[in-house]
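All chains are identified by letter, namely A, B, C, D and E, in their written order; residue positions are counted from 1 within each chain.
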Amino acid sequence: ADDIPIGGIAPLTGPAANSGEALRQGMELAVKEWNEGKGDYAKAEGPHPTFKLTVEDNNSKPEVGVSAAQRMVTRNGIKLLIGDALHSHVTMALMELAPQFNLPIISAEPVSTLIADKVKSDPEKYALYWKGNYNSSAYGETVHDFVKYAIDKGLIAEGGKKLAFVIEDTDYGHSNADTITQLFEADGWTVAASEAVPAGSTDFYPQLTKLKGVAPDLTVSVFTAVNSGVSLVKQMSEQALPGRHMAIYYPTKPEFMAQVGPAGEGLVWTSLQFAPEVVPAHKAFDERVQAAYGNPATYSHAHAYCVTEIGMRAIETAGSTDPRAISEAIGATDYNCLIGRFKFDPANHTVLGGGEYLPLPVAQIQNGKNQLIWPEANATAPAVK
Amino acid sequence: MTGAMLIETLLNGLITGSIYALVGSGIALIYGTTRVLNFAHGEAMMIAAYLVLIGSTALGLPPVVAALGAIVLTMAAAALMQRVIIAPIMGRDDWAFRIIAVTIGLSIFLQSAAQLIWGESFQGMPYFFEGVLVIGPVRMPWQRIAILVVAGLALGLSAWLLYRTRLGQMIRATAQDAEAAQAFGIPAGRVHTMVFAMSAGLAAVGAIMLAPLMSVNPWMGVPYLLKAFAVVILGGLGSFGGAVLAGLLLGVVESFAVAFTASEWRDVISFGLLIAVIWVRPYGLFRGREG
Amino acid sequence: MQRCVQPLQSTTRIAKRAGDDVADLLNLSNVTVRFGGLTALKDISLALPQGSALGLLGPNGAGKTTLFNVIAGAVRPTEGRVVFDGRDITAASSSARSGGGIARTFQITQPFTSLTVRENVMVALTAAGMAMRGAFSAAVEYVGFVGLRAKIDESAASLSTGQRKRLELARALATRPKLLLLDEVTGGVDRPSIPGLVETIRQLHAERDLTLVVVEHHMDFLKALVDRAMFLDRGAHVLSGSFAEVAADPRVRDIYLGDPLELEAADA
Amino acid sequence: MSSRAALLRSRPILGYATSTWAIRSSWRLPMLEMDGIDVRYGATQVLWDVSLRVGAGEVVAVMGPNGSGKSTVLKVAMGLKTPSAGRVVFEGADLTRAPATARPGAGMSIVLERRRLFPRMSLRENIEIGGFVLPRAEARAQMEGVLALFPELVPHLEASAGRLSGGQQQMAAIARGLMAKPRLLLMDEPLLGLSPALQTRAFQLMADINARGVAILFNEQNAALSFRLSHRGYLLESGRVVLTGSGTDMLNHPEIRRVYLGEAAA
Amino acid sequence: MASSADARARTMTEMLGRRPGLTLLAMLALLAALPVIVHDPYPLHIMTLFLLFAIFASGWNLTLGILGLKTLGHHAFFAIGAYASAMLSFYAGISPWLTIWAGAATAMLAGLLIGIPILRIRSMPHVAIVTLAFAEIVRLVLANLKDWTRGELGFWGIEAMPSLHLGGTELAFGTGKPLGSYLLALVFFALVHVGLLALLRGRVGLTLVAMRDSETAAESLGVDLTRWKLGAFALSAAIVGFSGALYAHYVQILTPTSTVGPEMLVSLLAMIIVGGVGRFLGPVLGAALLTVLGEVLREFGDYRMLLYGGIVVLFVLAAPRGIAGWLDAISLWRADRKPS
């Protein structure tokens, strides 16, 4: 049979191209393995569909993503779109195309809770859209739950319950900070400072001076650009910022460990979802990526791989390329992929996070290596102060 | 705000400001002498940073050698670019604007070229100077203090060249009327090339000092470019000393802006300041030496 | 027609001649211009009746162009007032003054280099309210006045020095001024053409009741154009009177004219 | 240099310039030779087959109506405009395609048309630049000498050149041209904007420096004075040389008398 | 000093091109015929973007090229027009048919606001940088006012232009409605350009070009610099803001970076340069070439921006008068060959 055309959209150019390239490799690897018969078939026998994947660039801009999607619909006749693979703001634009082109869409890494809210606001309109990652609120819950645990354990002193943020000035940074603020404020914490800096900033001295003034008990930092994260962690140690620090997302980037040096020792962060050094399945995936592309695998590879698998499985299950059928099959997904169990919340079409679903573990850098420290059940090492 | 915090805020501002001054003065040098705005100045920084990174990590050269090598190579690259791209435009009709346009194109070109060659990942570099200076509650790493010192030296040297030497006179004459300058034996073409190389050299010094702080990446020059332009304008028409003072001032203003408002309004405040100053004093805070 | 100039001393105004009912077109009172430490004009007062023609003499750097700039609005006086046609225009912009009837030529020429000769003149015509179509044909007349007909549809950037001077004049005339300020308009113009230019200006002066102020280093041309003269030195008003009086004054000879090397003197 | 000022004040120059030197100049060695020069600006040709010669120590005037190509001839001599045909030879060396930069060192200097000062540099710097090719000490001495010729510039030395009056700028342009101690001085309308007294002085100055062996090629609208001062002259019309001869010949040529000296009218 | 070739070429006729009215008409006829030939929605989508950016570029060219005021911040007016129209229709529920004009008017007001300090500045680099800083402020403010604009997450839910019923057929607009959107953009494109041509042919064009060459001289001839500059600035900002408003209701999502980010600046500047700075039809030609080229270069993936930057450099170097300049050269050459 003919290959079924599907499409992917990722930032292949511009500052996010690094992640975009990883996402593309993940998507391509999934399709390649599936077409080679290594597919995770829902039905044991019968003719299995094969796929032809086209990946286009969004240059991190929504309107470029929309153009790319339109092109793939009319030129390539794609039956399913994986997009956006990285950006929430591009996804916000792309999801509008699901009703317009009658096209099933599943996004990969985007986490913004606003996407889920949008689906909830008009379920009929966004019936064909699915969000392949949990909501950013899941991070907040992890941070909140972990801190509670750590206080109980005496790892963190709650002191005057003063919370501070240093985040990048993007929807990613803000939506994380917002959830965390809500959860902690319910426990009687107050936000002493919230500093949002342009993405890619590397000079945090003015912010740190300000933070030293308010002396927070816990500082949470959120970045997607690894240089910001490295600079912040280094400068925090230079400035001997009081209180504890918890990082979100950026330490997952492979460059982080290489660059942060001794300043990173003891850093607590969430969430370590892809860890070849401790998880054998991740190690195997890493080797496959190495073999195919000559570079190590990252979390983005794994996530894109899984979401692509989910899409292909759904088409297989649907048994046709009817958009409604595909969409329903996506909604029915309950699938254990590399990084955890994927199941969608039918109310907001969003993958469930935490608990038994996609895990959000907390890690700590100990002796220059990442160790899982929470939840205790999966911990590879005990947390140190 | 406690006294120590005040001092620290001021110091932070001065250090950020010295970076602005260093980047800005390179632009002021070209602008003041040739009336050319170089939008590819940030890319000279980027190239220098990659060169020093390659020199010190891949080739394992001692930092000073790697830094000097990077400066020389960046200057050579700038000279080459000036010869091939800028020189043919000089003196053509509406050239000042054409150079803005061509350097904007060049900047995009170089960014993507760097991305293709070196990838888009952020590459770290170790500090040249380890350790933190602690005086009472004030803490400042030596690397940052070094920025202040090196910026001062580089700027002093350039100012001396520009205003106290024959070279400077040649440069300024060429800028104002290249044809007339030639008639008096000044090799206008070569002078332009030299100015470009010098300015790239200043950018290189800035980039090398900054590389350990901000990670090397294809876009590292971008955030500093507009600030540097603002500094040049605030400082007054191509005035060298003005650019330095304005750089420091802008750094301090930003530092206090962060201290008293939220970080995301910092740039609004600094660019707002620029427009406000231009409104009141169209030719900058410190009027250019050339009036 | 009465043509006379009555410079004012800062304190006493020289009375107009009896029976002279011509109103002053331009009145400068106590104008001082300072550039930093340099005083370019010192307490200059001047009354210029409608239809008069005044020659402005003075060594280089005396302040002649600065005086033009004050009248035309390119320089604001540090002190003093400028009254034109009965209105105080001390603070008015150049363009408003042009609209009011003051035109000037630039000593250092300023053609619109992106436009043709004709279009250069059309700018002046349309600014004065003429429609494009009318201006297109009307420009020919002014271009003709200055002998640039052959270049009318060529770019002004290609003009030589003398041609640029002529264009300056054509443009200024095209604003149909009441007061025309000519700053060395014949400088660089070839000698054979000068009598023609002078004649053109004289005719316009007569026909249109044009008031003239002329800066010109060639005494014979100046003589042909003006009847009165005013002599400036280092920004100060030294003397004024009929052209012949001023030209014959020993101070003027000393400071300005020097040894009689001019054409007629040498030939005589 | 100090003697020059003294010389200047004492010497009446016009008479001797036309008589004795005009005869001697005929056997002078050629210093600058321009041969069959064609010049185009874009598609428009403005010089046709112009040939011109300046002997060592000669004063040569170029005359012609506006737009006839006088400035262009000087620009070609100085290397500021490359001719599309023809040769420029200076003291035996072919400089047709050599850049302007090479000229001052070789002994040529120019007073540019429309002054062309560096407007945002001080007057002092402007004049200094004229002596760019000289060793420092020599330039300093020359500067003093040149300033002695134009004492009225001294109070304005630190002012921006662009702010000077037209005549002051013209003096500065002449001063700058003299700085390089040229053997051949090119002057494009050197008297433009100068007061009558200063015009006289500038003419005397030209005669004076010529007396010290400096050749001059210049263009000035005052035909009577020009041809009196010069050994030889050229008349350009529409980009072609239409007449050439000794200064006296030119002065006495009926056509010149009629058109340029306005005799018919008189 | 302008060299002769430059001097010869830059006149009023050069600004307008030969027979600008006829050329514009032919261009409009060609564009109107396009949907008859092309049915594939994707090319129509690209052509719609081309038309919108062509309006933007022509509006900007008014100050940048024709008046010679080297502003680098016109993308701010694009964003202001876009956001103003989008927010008005979103929050106040006003029909986009009305809000697009309000968008243009808001941009015009902003143009006047920033135009006033710029008036006092005669130095080109000052103008360039102050306007660039202004654009940066607009971007940051739009990004920071998250409660109103949702910041970088994007302002979505913008209403498309309501459908029109022409005879029996319904013409719908917005994303995914390529035909209607294209025709609508074409109508506004035609309107703006016919209007501009009428202005530039007359006194406005002459005066703006004169001001570009010598403000002092223009002023001395009676041109009121303040009024003319502000007027040109306001008109230019209004046109650019109008294109922004149309864009908002076409793509239906706005982010600060994609509307006033540096890439908007670069690509629009490139369009003007490639087409021919200061030429009436230059920006249109540039927008056409670069939009098409952008699509072709898509195949090159990673090399796209590299080539884009390279093309800008190449044009400034080798074809400084842009495509419009080539057209002139061709028609001159043809005229030369015809014995006259």
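Convention: a residue touches a chain if its C-beta (ideal position, glycine included) is under 8 Å from a C-beta of that chain, and two chains touch if they have at least 3 such contacts.
Remember, predicted model here, so these are calculated numbers, not experimental data.
*Asks:* Keeping to the contact definition above, tell me which chains border both subunit A and subunit C.
*Replies:* E
*Asks:* Find out how few touching-chain steps suffice to connect subunit A with subunit D.
*Replies:* 2
*Asks:* By mean C-alpha coordinates, which chain is most distant from subunit C?
*Replies:* Measuring from the centre of subunit C, the most distant chain centre belongs to A.
*Asks:* From the mean C-alpha coordinate of subunit B to that of subunit D, what's the distance rounded to whole Å?
*Replies:* So the centre of subunit B lies 44 Å away from the centre of subunit D.
*Asks:* If you average the Cα atoms of subunit A and of subunit E to get two centres, how far apart are those centres in Å?
*Replies:* Their C-alpha centroids are separated by 38 Å.
*Asks:* Whole-Å distance, subunit D centre to subunit E centre, using C-alpha means?
*Replies:* For subunit D versus subunit E, the centre distance works out to 51 Å.
*Asks:* Can you work out the whole-Å distance between the CA centroids of subunit A and subunit B?
*Replies:* Distance between chain centres: 37 Å.
*Asks:* Residues of subunit E that contact two or more other chains, please.
*Replies:* In subunit E, 2-4, 6-8, 10, 143-144, 302, 304-305 touch at least two other chains.
*Asks:* At least two other chains touched by the same residue of subunit B: list those residues.
*Replies:* Only 112, 115, 179, 264, 267 qualify.
*Asks:* Give me the residues of subunit D that touch two or more other chains.
*Replies:* Each of 41, 44 in subunit D touches at least two other chains.
*Asks:* Using the touch definition up top, name the residues of subunit E that touch subunit C in the complex.
*Replies:* Listed in rising order, the residues are 2, 4, 6-8, 10-12, 14-15, 201-203, 206-207, 209-210, 212-214, 216-226.
*Asks:* If you look only at subunit A, which of its residues touch subunit B in the complex?
*Replies:* The touching residues are 13, 15-18, 21, 169, 194-198, 200-203, 205-207, 209-210, 212-213, 225-227, 230-231, 238-240, 255, 258-261.
*Asks:* Within the complex, which stretch of subunit E touches subunit A?
*Replies:* 40-42, 45-46, 49, 143-144, 146, 150-154, 156, 175-176, 251-253, 255, 257-258, 261, 263, 298, 301-302, 304-305
*Asks:* For the complex, which residues does subunit C have touching subunit D?
*Replies:* Residues in contact with subunit D: 35, 38, 58-62, 64-66, 107-109, 151, 158-163, 166, 184, 187-193, 195, 217, 219, 255-259, 261-263, 266-267.
*Asks:* Would you pull the subunit D residues touching subunit B in the complex into a rising list?
*Replies:* 78-80, 99-101, 103-105, 109-110, 112, 116-121, 125, 128-130, 132-133, 160, 176, 179-180
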